[in-house]
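Each of the next two complexes has chain A plus one other chain: chain B in the first, chain C in the second.
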Partner chain A sequence: MNEIKCESCGFLNSAGTSICNKCGMPLDKENDSKLLNMRYDGRAIRSKTKNTSIVDKIWNFFSSIKIGVTLIAIALIASAVGTILPQSMYIPTNVVAEEHYRDRYGLAGQIYYQLGFHELYSSWWYLILIALIGISIFIVSLDRGIPLYKALKNQNPKRHIHFLKRQKLFNQYDQYSQEDLDKLVTNIKKRRYKIFEKDGHILAEKGRFSRWGPYVNHAGLIIFLIGTLLRFVPFMYVDEFVWVREGETAIIPGTSQQYYVENQEFIFETYGNDEEDAKFSEILSQQNSAIPKHFETKAVIYEDVSEGVIGSEPELEEVASGEIIVNKPIQFGGFALYQDSYQLNEFQSMSFKLHETTDENEASIVEFTVDLTNPDSVYTFENGFRIELDQYYPDYILDDDGTPRSQTNYPRNPAFVFFVYPPGESDPEASFLAIGQNIDGTGENTYKLGLTNFDVRDVSGLNVTKDLTLPVIGLGAFIFMIGVIQGMYWQHRRIWIHPAQGKLFIASHTNKNWYGMTNEFEKIITNTKFSMLQDQEKVTKDN
Partner chain B sequence: MEDLIVWSSRLLYTAFIIYLIATVLFAATIKDKRHEKTFSKIHILAISTTILGFFAQLGYFITRWIASGHAPVSNMFEFVTFFGMMLVLAFIILYFIYRIELLGLFALPIALLIIGYASMYPRDISPLVPSLKSHWLYIHVTTVALGEAILAVSFVAGIIYLIRQIDQSRTSLKTICLEIIMYSIFATIGFVIVTTAFSISDYSSTFEYNVEGQPSELEYHLPPIFGPSEGQLLTENRMDALLPTPEWMLGAEAPRKFNTLVWSLLAGIVLYIGMRLILRKRIAAAIQPFLRKANPELLDEVCYRAVAIGFPVFTLGGLIFAAIWAQEAWNRYWGWDPKEVWALITWFFYAIFLHLRLTVGWHGERSAWFAVVGFAIIMFNLIVVNLVLAGLHSYA
Partner chain C sequence: MDKIEQANKTKKNKKRNRLIYRTSILTVLFGALLFALISNLMADDETLDVGDKAPDFQLTHLNGGQSETIRLGDLKGKGVMLNFWATYCEPCEREMPYMETLYPEYKQKGVEIIAVSVDATELVIDKFVEQYGLSFPVLHDNNSLVMDAYGIRPLPTTFFIDENGVIVERVMGELTLENLEGYLQKIEPS
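Right after this comes the complex of A and B.
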């Protein structure tokens, strides 16, 4: 390494230093008349001095602000592209993604889908982009942060005269009295500057901590990004969904069958039924459908306390109970249950009766009830009749090619094919029943089935989550906020006072907000004979 | 209760008038030929009037909150109005730091325009759906609005800087960009004028058309330049659509929104050309002479300082509070909803702005252009994302 020897004090500075670390003599002689570059107080930066090994090259790549900014700009554009069409998680769940993008958005949609933009934010390249930004933040903070810390930690109050002369705010006073100088220092102290003194040279400094702001907020971002990665660690993150019908108790998925939830009641309210909703009457009258006002599940959470042989009956013990409302989840054992969605008036059971087709009074021969969530397949009666449930479609539709099928396993639109065996017969009569339909298999059936009654209940859709990454993410966000406030709302201001040959030289520097610095200095010189510092940048420009 | 709503509207109207008066007063301070540092009675009067207007609008906000039972930031009208109010607040804060009257002369008309724009949306108080019933509604929304408003002041300073500094003696890409900004302001004024005019004349016509195979009706409040594609006019004695809306514009009310956009752009063209004919030069060139007294370095500093102040506020409201609420309501702190993504884009953008300024040294004109683009992104997120890329935050 080529060390640079300071001509003024003889101190050996490492290569790349632009201001002597000891006496403050500017080492960039070729720019003698320009303002001094005060970045990192002239310390050597690793990325600016070493560029030989592959490690250096990688280091230099990531520690470049321009590369970092370019990465952010690419992420910005990519993120924007992802909002042109809805992401696949926001398209209806019952469609095939490829067909949906093609049918709805045409060729553009097809291209969007083929390029993988429908899942852009979880694509490998987007994740790599974010990871690269993370690496960049990490390396740049070490690259710049450490030299800056060293520079500000060991400041020499006595700076070389050239250091002062090349500051943006500078003035020299040929005549001054000690009394005036004391007054000036008192004024500086009043403005809550810390004073460091050496051989009559003074350094007044305040707000140094704001210089750490960028590094603190970058540390916060790194913690945040690590937090988002932790989600991929097993057991750190659970995200499941369960439908629970009123009156039912269901295993909570994702809890290794440890927890159960009972839906005691689902409550659903819409706007317009209350007197206090009168103020919304105008809006409500314009809507085609009712606006939901409130929904909640009255739930009880149980824990299985049986010493679990697999398949043994669970022993349930209540661990929590209460209402699950949107914005108010119920918590238990590290998990949380969120009110997510609902299904109103799902069919619970349907009752039928059998009568002779020709009987106008439809006098009942037999009656039976089908439990729609768990139907029996055969119904036998004392009078010898037997009815088989041959086919059951809980959520019936006719396919495009005319085949009946069930869209879901939930009894939202039940349909049945019944075989009726009259006493002694071995050949059944087939009947097809659905809502609004009652079709006779052959058109010659002696007996006919009819719907007599049905029961409905509400189903509550609950989201199960456990997210142990949240504390890490929250901590990262908190540290980021501290750092960004620290760096943005305070500034690092310094004033150097340099007496030499009966004259006094004063220079000042701030890392930002020069307007504030100028105003502050104006206040500092009140009641003294000192005139205002000159803005040397302005002076050179005006010339 | 009814009375309260009436009073609330009156207060908003009052605030609007007071801001208008304050703008005139700020204009008077610029005309004042005395030295720029003097702080005369007219300055005090101008800023006090602004503060008075702010309190009137605060009165609107509070009375409406009491009347509706929830913070009035839950639909397009309420949120945009609130954003206008926060812009005034942000201006007041920065005025007390920098004492630049010019900032008021530009910030107040923009706030007026924003409030005027907001008033074109339905103003009835609307009920809250369950997922919005949370204290985070007003914590999140108010901080976002304040953050964005402070960032908008950076735009105000930036635009003044650009108008003052850009060479108007010849046509260049810069003067064209500046004129595009001027035009977009005229288009917004055009939107307000056209909407108000047809709303006073009670214009309405209904079309029947198909949305994803379902027949639906769509009511127009502006004469249909663009009607629904294959739409059927139901109202008698009304003009039929001149052109069909392109089919790739999806969404239930896309044809009407597109029609409104076209109307606004056309009205903007008329206003802009009319103004050019009167002035006989570029709009920015006509404003430039009034800005000679302004100190460009100070404007540059305000442009940056507003970002420095606004960025943390925006991060807190737009990302962190948003994430906390999202975690509580939907049990994921981040869901890549278009609004969220655009908040992230805004954040990325201002992060780039700050890095380029603080470490690469982009000052002055470059910085000012950045501030202008930043404001465009904020407006895009506020208007286009809500109306076009509708997601969870869809208001209108």
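Right after this comes the complex of A and C.
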């Protein structure tokens, strides 16, 4: 590709230029009769220069708007597909993702899982796609923004006559007086145009800054994207979850073992208990279960100030305390704890009594309580009885082989095997107890155990968050918005006045809102003898 | 002639400048992409990975008798197999006998096996240890502190740590007798 020499002024324009950078002569001869394409003020887009090296080839690839739009379209379609089935963070936590998608959604689910759609928004290929869009936006903006900036900065007020003739709004005045022209220019100035003059040629311009709108907007987008990338920097972003039982102190994940939370009390209220809820009585009576109204955790946050190695006894210092209510988190050290969920009535302890199997009154021989979070293994009594807790299953099930086991850590469905040693005996009697089950090991037990009482407590689910990326994302969004406003509410308007051989040629251009431009020009010609500019697009259409 | 030479020179300069300008911008952009990609992959499997130093910790020893606690830092000079498990986890249960089988041999070769249980209650661990007759130290991570520090998600997860305290291998999921032996050979102190 060679440089294009302007036939009118001899200036050497770089390849791809459609309007001479110096005198404004249109260089696209094949379109002579059509209106001039004013995009980028006729400058060559940077990338359209010769491909020489691999760097230039990569550059040109990203500089294409077609590529950019294609990338955005792919990202849009992928994002939409990601909403068809639930993302893996929304499936039950106690199942294997692979099996869940297969069992629940069949072959389609399996394909969905294999292609990584179950974790779409954090998958590597989605990330690459978004990053490529960012790169594309950046390069596209540079390649078009810089030539446009240069073109508008170095505008020659004296434009070639063909340039004016091929503008959308144009007129030719064969007779005019200097006095009238002065009045016209005064009117233009009144409309807050800037006037540039050269050899009697005039360029009036306003609202140039609105042309930077798209570029400001793109800069905002890129800052926004950088903000989302910062989420992957460990100390910038934390999103964790912790279950805390009433009365317990648990380590807060994501804080590098620095903070602990104590759940002093979990409060849970439902609708229908207050007088003020009377108005809901009708709808409440149609519900099968109670509707939660309010739940909160009375919490204390501690910081571990000990210098000891992990696992050694922590030294806890209170740093915050208060209620954690939905949308009212407790905050400490840059972190926030949000009330997220709860489990009501988890077993805390169970009390049993021993009686003779044949005793109809079930008169208690001994009574004892098993702490379900930290059970003792042996219970001895003054009357010589000894009871051993041989097996304890906090969350009891029978597995496929029919052997009892626990499926989790939590006492949701406790089951026990007790060995009862009557005084002086060394052979115990075995009993199996679970909720709704009381099985005698041999069928010949002299003594029987029975559940007398139990205590429950609630478990509060708290969401641990920290997000230092929000200010960056906010800044990006703000700059984006400024760019949108800048480009939307202002227009870049220009008027060229070209005197030649006693005649006057006037043309005008705006980057948008031609209606406004026309109206403005009508105001400009009041008190003058100039007639209105012709809309050449309309004229050619009418003919 | 001079003029043409001059023009060619400026053209060359322009070209070179353009190459530098484009190369540097593309480098920065793709650098950012690479950063995002790598941090995303790292974030997937949380804190610890092969090549990292294993964080020091100490926990109560449940089946030892003689010493109260075991500290990882005290095992410098030995290879350490660090197994995170729980009694309610079936794959953990299946791999325990393999560990027990290989323990005596590798203890002599300078490799220690440590099993950290994340169970809530000591009783269930005791019963389990009794049932399987485990002779290697079984520690109780009562407050999930070590689990948090090691970023454990699925159980079992096993770290193989060399004599310098560096993680050589990390296995998420069940071990077989064969690959367990292979991993243990890797951390034998030389």
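The definition used in the following text is that the second predicted complex is superposed on the first by the 461 of 543 C-alpha atoms of A that agree within 3 Å, B and C clash if a C-alpha of one lies under 4 Å from a C-alpha of the other, contacts with A are read in each partner's own complex, and residues count from 1 in each chain.
Going forward, a contact is a pair of C-beta atoms (placed from the backbone, for glycine too) under 8 Å apart; a residue touches a chain by one contact, two chains touch by 3 or more.
Small disclaimer: the values here were computed from a predicted structure and weren't measured.
In the superposition on chain A, contact of A:Phe232 is made with chain C only, not with chain B. In the superposition on chain A, contact of A:Pro329 is made with chain B only, not with chain C.
Contacts of A:Tyr515 after superposition on the shared chain: chain B is touched, whereas chain C is not.
Of the two partner chains placed around the shared chain by superposition, neither chain B nor chain C is touched by A:Pro414. By the document's definition of touching, of the two partners only chain B reaches A:Met488; chain C does not. The residues of chain A lying in touch with chain B in their complex are 39, 65-66, 68-69, 72-73, 75-76, 79-80, 82-84, 86-87, 89-90, 104-106, 108, 121, 239, 271, 276-280, 282-284, 291-295, 325-327, 329, 336, 338, 340, 463, 465, 470, 473, 477, 480-481, 484-485, 488-489, 512-515, 538.
Residues 49, 52-53, 55-56, 58-59, 122, 124, 127-128, 131-132, 134-135, 138-139, 142, 226, 229, 232-234, 250-251, 253, 256-257, 309-312, 372-377, 389-395, 399, 405-410 of chain A touch chain C in their complex.
Here chain B touches chain A in the complex through residues 1, 5, 67-69, 98, 122, 124-127, 129-131, 133-134, 136, 248, 250, 297-298, 301, 304-305, 308-309, 311-312, 315-316, 319-320, 323, 327-333, 335-338, 341-342, 344-345, 348-349, 351-352, 355-356, 358-360, 385, 389, 391, going by the rule given at the top. Taken in their complex, chain C has these residues touching chain A: 15, 18-19, 22-23, 25-26, 29-30, 32-33, 35-37, 39-44, 55-59, 69, 71, 73, 86-88, 90, 118-124, 126-127, 141, 143-146, 148-149.
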